[in-house]
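The next part holds the structures, each set out as structure tokens.
Note that chain A is present in both complexes that follow, paired respectively with chain B and with chain C.
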Partner chain A sequence: MNIAGQLPYILIAMMASLCIYAILFKSNLFKKMLAIFLLTDAVNLLYIVQGYRSGNSIPPIIPPGMDPSEFASLAVDPLAHYFVVTAVVIGLAEVATLTALTIYTYRHYGTIETRKIKELRG
Partner chain B sequence: MNVLFFQAPILAMLLALMGSFGCIIVGLFSGRRAVEWFTGILTAVSLVLSALAVVNVFFLDEPYVYMMGGWPPPVGIPYVIDRYSAPLALVVSAIFFATMVYSVRYIERDRDVKWYYSLRFLMQAGMYGLLFSGDMFHIFVMLELMGLSAILLVPFRKEVKASVEAGIKYGIYDILAISIYYLCTAMIFGMFGTMTVAEIAAKLGGYVSPFSGGIFANTAALPVIIALIVWSFTIGSAVVPQHFWLPDAHSMAPSSISAILSGLLVQVNIAVLARILFDGFAAGSYPGNEIGLHALLILGAISSVIGAAFMLVQSDIKRLIAYSTIANLGLIAMGFGLGTIQGASASYLHIINHAFVKAALFMIAGVFIHATGSREISSLKGISKVLPGTSLLYTIGTLAAIGFPPLSMFWSKLLLLFSVLSAGGSYQYVVVPMALTIVLESIAQIRLLAVIYSGEKRSVNCRPSYPVIASVGMMIGIIVITGLMPSLLFELGGLAASDLLNIDSYIDLVLKSLNYPP
Partner chain C sequence: MSLKDSIIGISFVALMTAILIYAFLGYPEVGFVRPLGEFYLYNTFNFNEQGWWSASPNAVTGVLWDYRGYDTLYETMVFYVGIVAIALFFEKESSLRRTSGMTVIVRATTKLVFVFILTSAMAITIFSVKTPGGGFQGGSIMAIAYIAIIIALSRGFLPELRMDLSKAHLIKIFGLILIFSLTVIPVAYSLASGTVAYALQNQPKPWSEFGYPTFLGLYSLSGGMVIPIQVGELVHVGMGFTIMFLILTEREGKKELGGKRS
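Presenting the complex of A and B:
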């Protein structure tokens, strides 16, 4: 088994599971937020790794005069890039939403430790 | 084919998207009345358009696929307008219209209403997109659209401490759910090389796509993906053990938003999960894929009993209704988890009936909270003496919620019980938690009714205005009328479930249809 080829996937799996752990069990809201954004980035990496073609690959922009079928056999997958760009833009909306809510939480409670915020019972 | 009928569902979604930006522009240049008229007209038009789509799909034409931008499905994004998605979109439009009429007076003391209506429109567009979409990545985008606007609407009254806390709690867990779903799309992309739901099912059946070939990875890993998808959507639809955000978010949001969250958002999540499990992963017909259905069945059984049991100890009226949502979502998950056509049709009807009932209950709870100035159930004593009409509407809603015979939810609960009993094997023991849920929920709701009808005559802060009563009356009217026509309901459920469970016809519809009008 080619360990070097599996390395990116192992790293992504570790990163994603650490992030899910942090979201569920860290009590600081800012750390939860960072973990959410890192989880999105881990998935972005997964997309890029899956769309990548090692060896003599070329970017997904067709050079002038190249045969389309030859181009398709060499280029990396542009679909993965499209997904990542869309997700990055959506991630910006997530950052804005959660930051605004965290700021309001801090104004009301004077803390962003979820253990100390106990107005509601859950 | 009539072009207006063909385009109607897409136009409804585009109107909602444009209305979101239009609200802010109108609000910048003129007052709140203009925003309200603008929102009202657009919501009414989208209600008419969704009704046209239902008429088209059921009476004039067959289910069809709308190709966004004219690109055929494996390449572009297909919008599947069939007998499963079109009635749900009509329910979405109807509840958004009713809560729009309700909001005019309900939030008249709040400032910045243009943002409120704008976010509502975004949520509506996200729901249409989720219900119609046949593309995994498009579902992710629409989940974000619906989820983020809901997260921002929960703490709309941002000066209230507890509503901000509910908002951040809901925000963290909903975005966690959406991120997990995003992880699933990446894994599906690696395994199948496609995002079209129908093509995933076709590839599991041995189809080789001209664009992306066959399956790239060992399908032994498929149960992992399915489990992650079930996890992400059960956070979104608040199935135990991921239910803890729901009572806070649904009770702290403004009542007009609680009606939408509780009536639509959680159920749109579970409807999309059913679409992905049954049509995408061919649950039940491909070995290894029934894990998603088993998870739904077990989690649903636990969820319904826990939700109903927690209803008994609530002292806050909105929290009681919110826990009732958890119990009913458990029932819906159990119906889908059976994997039979009876179970799916019963769950489908329960989604529709529960949407109207829960929207009506939250809206009347908002009226009671305004009138008494308190959310405690004990402070509702004697309210039926001062507000007899509203209390009567609430009584009808509650009777529908506990499944009193002539009202709509009786039929869907009956169908759920029948479907469990007819599933055979060890499935029929699921009837025990189901019956227990129904009994416990009835006890809790009737205790609330008893409080409303007890006590002496009391004073109230304000009386409900005409638009509020009209919007609640519209919901209650739908509950009563649909309850009087059970055969129509059963036929609707059967057609929707057959469209959902018939994977071959779904694949044919999406991958081979070229019925774009010239």
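Presenting the complex of A and C:
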């Protein structure tokens, strides 16, 4: 197996597991939110790495006069780029909604530490 | 953080990384494009076999609004619901008070740059069939123009640009109506002519003659319905983010974002 070809996957795995750790164990809601955003980016990176083509690859925009079959053998995967384009905007909408929820929590409880909120209830 | 917490954290991350790397072992090595991606690349701007083409030299834009148009339509809906959720949490109409904002140099520069940012957003959207870009990207850039105004000139300056929360909602819905009408035009054509045509159909298929006009003489402005629908997406996303930031920058108390105490 070619180890160099697998390096991006190892990076993504580390990034994703750090984010999952932060989501599960951090008590600050803002830190949880940042971790969710970074996890989205890790998944986007996975898409881009999957769609990448090594060698003398070109962007998925056909230059004038190029034969389509030659283009199909050279360009990187457009499907991966498509998924990232939509996922980035949806991720941003998600983060904005979470920010609104966090602000709402802060106004209601006066803190965004989940442990303290638990104490307030009990 | 105690030693016990550190040990738990490090072992959790190590275990999770190992599991994910094991999961990634089934993927092909970097540098391999799947047959589905090659299908899109081969057909997106193929003059000789126009049966499956999208008339868009940019394959990503072709996939975005032609091959996977329904996907994008539902993503648009998800984005809309996200904005509605924020608007529900903070339904109170905020008072757009005029405060002094930042220094006069920053204010003058921001007014100039505002126009340039809006122009580049339009250009990125309209030329998205030839160059990288599209409605999502252009909309994000358009929102940056308004965010710069909010930060540098205070929220109270926005009424001078004829923009407030309800107007932003109105313009966003206009963008949605544009997308929706371009979606249902093929269905109306199908009902009127008695031939087969599908919602969100861009170019003719072997069994369906309906197709939006393409301007192949102007290489950079082809793509049928792709450009107008991208403009709708630009307006929708740009105004959506503007609404989000208008709501999220609202502060309790008297301090405006980036401004002095009034």
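Methods note: the second predicted complex is superposed on the first by the 118 of 122 C-alpha atoms of A that agree within 3 Å, B and C clash if a C-alpha of one lies under 4 Å from a C-alpha of the other, contacts with A are read in each partner's own complex, and residues count from 1 in each chain.
Going forward, contacts are C-beta pairs under 8 Å (C-beta built on N, C-alpha and C of every residue); 3 or more make two chains touch, one makes a residue touch a chain.
Treat the numbers as computed from the prediction; the structure is a model and nothing was measured.
By the document's definition of touching, both partners, chain B and chain C, reach A:T97. By the touch criterion stated above, A:Y47 is placed in contact with chain B alone, chain C being left untouched. Of the two partners, chain B and chain C, it is C that touches more residues of chain A.
Look at A:L39: by the touch rule set out above, it reaches chain B but stays clear of chain C. After overlaying the two complexes on the shared chain, residue contacts for A:I61 are found with chain C alone; chain B is out of touch. By the document's definition of touching, neither partner reaches A:K31: not chain B, not chain C.
In the superposition on chain A, A:A72 makes contact with chain C only, while chain B stays out of contact range. After overlaying the two complexes on the shared chain, residue contacts for A:A16 are found with chain B and with chain C alike.
In the superposition on chain A, the residues of chain A touched by chain B in one structure and by chain C in the other are 16, 20, 24, 50, 79-80, 86, 90, 93-94, 97, 100-101, 104.
Residues 16, 20, 23-24, 29, 32-33, 36, 39-40, 42-43, 46-47, 50, 79-80, 83, 86-87, 90, 93-94, 97-98, 100-102, 104-105, 108-109, 117, 119-120, 122 of chain A are the ones that touch chain B when the two sit in their complex.
Residue ranges of chain A in contact with chain C, taken from their complex: 2, 5-6, 8-10, 12-14, 16-18, 20-21, 24-25, 49-55, 59-62, 64, 68-69, 71-73, 75-82, 85-86, 88-90, 92-94, 96-97, 99-101, 103-104, 107. Chain contact summary for the complex, chain B toward chain A: residues 137, 140-141, 144, 148, 151-152, 155, 158, 161-162, 164-169, 171-172, 175-176, 179-180, 182-183, 185-187, 189-190, 244, 247-248, 252.
Listed in rising order, the residues of chain C touching chain A in the complex are 8-9, 12-13, 16-17, 20-21, 24, 27, 29-34, 36-38, 40-46, 48, 57-60, 62-64, 68, 71-72, 75, 78-79, 82-83, 85-86, 89-90, 130-132, 134, 136-137, 139-140, 219, 237, 240-241, 244, 247-248, 252.
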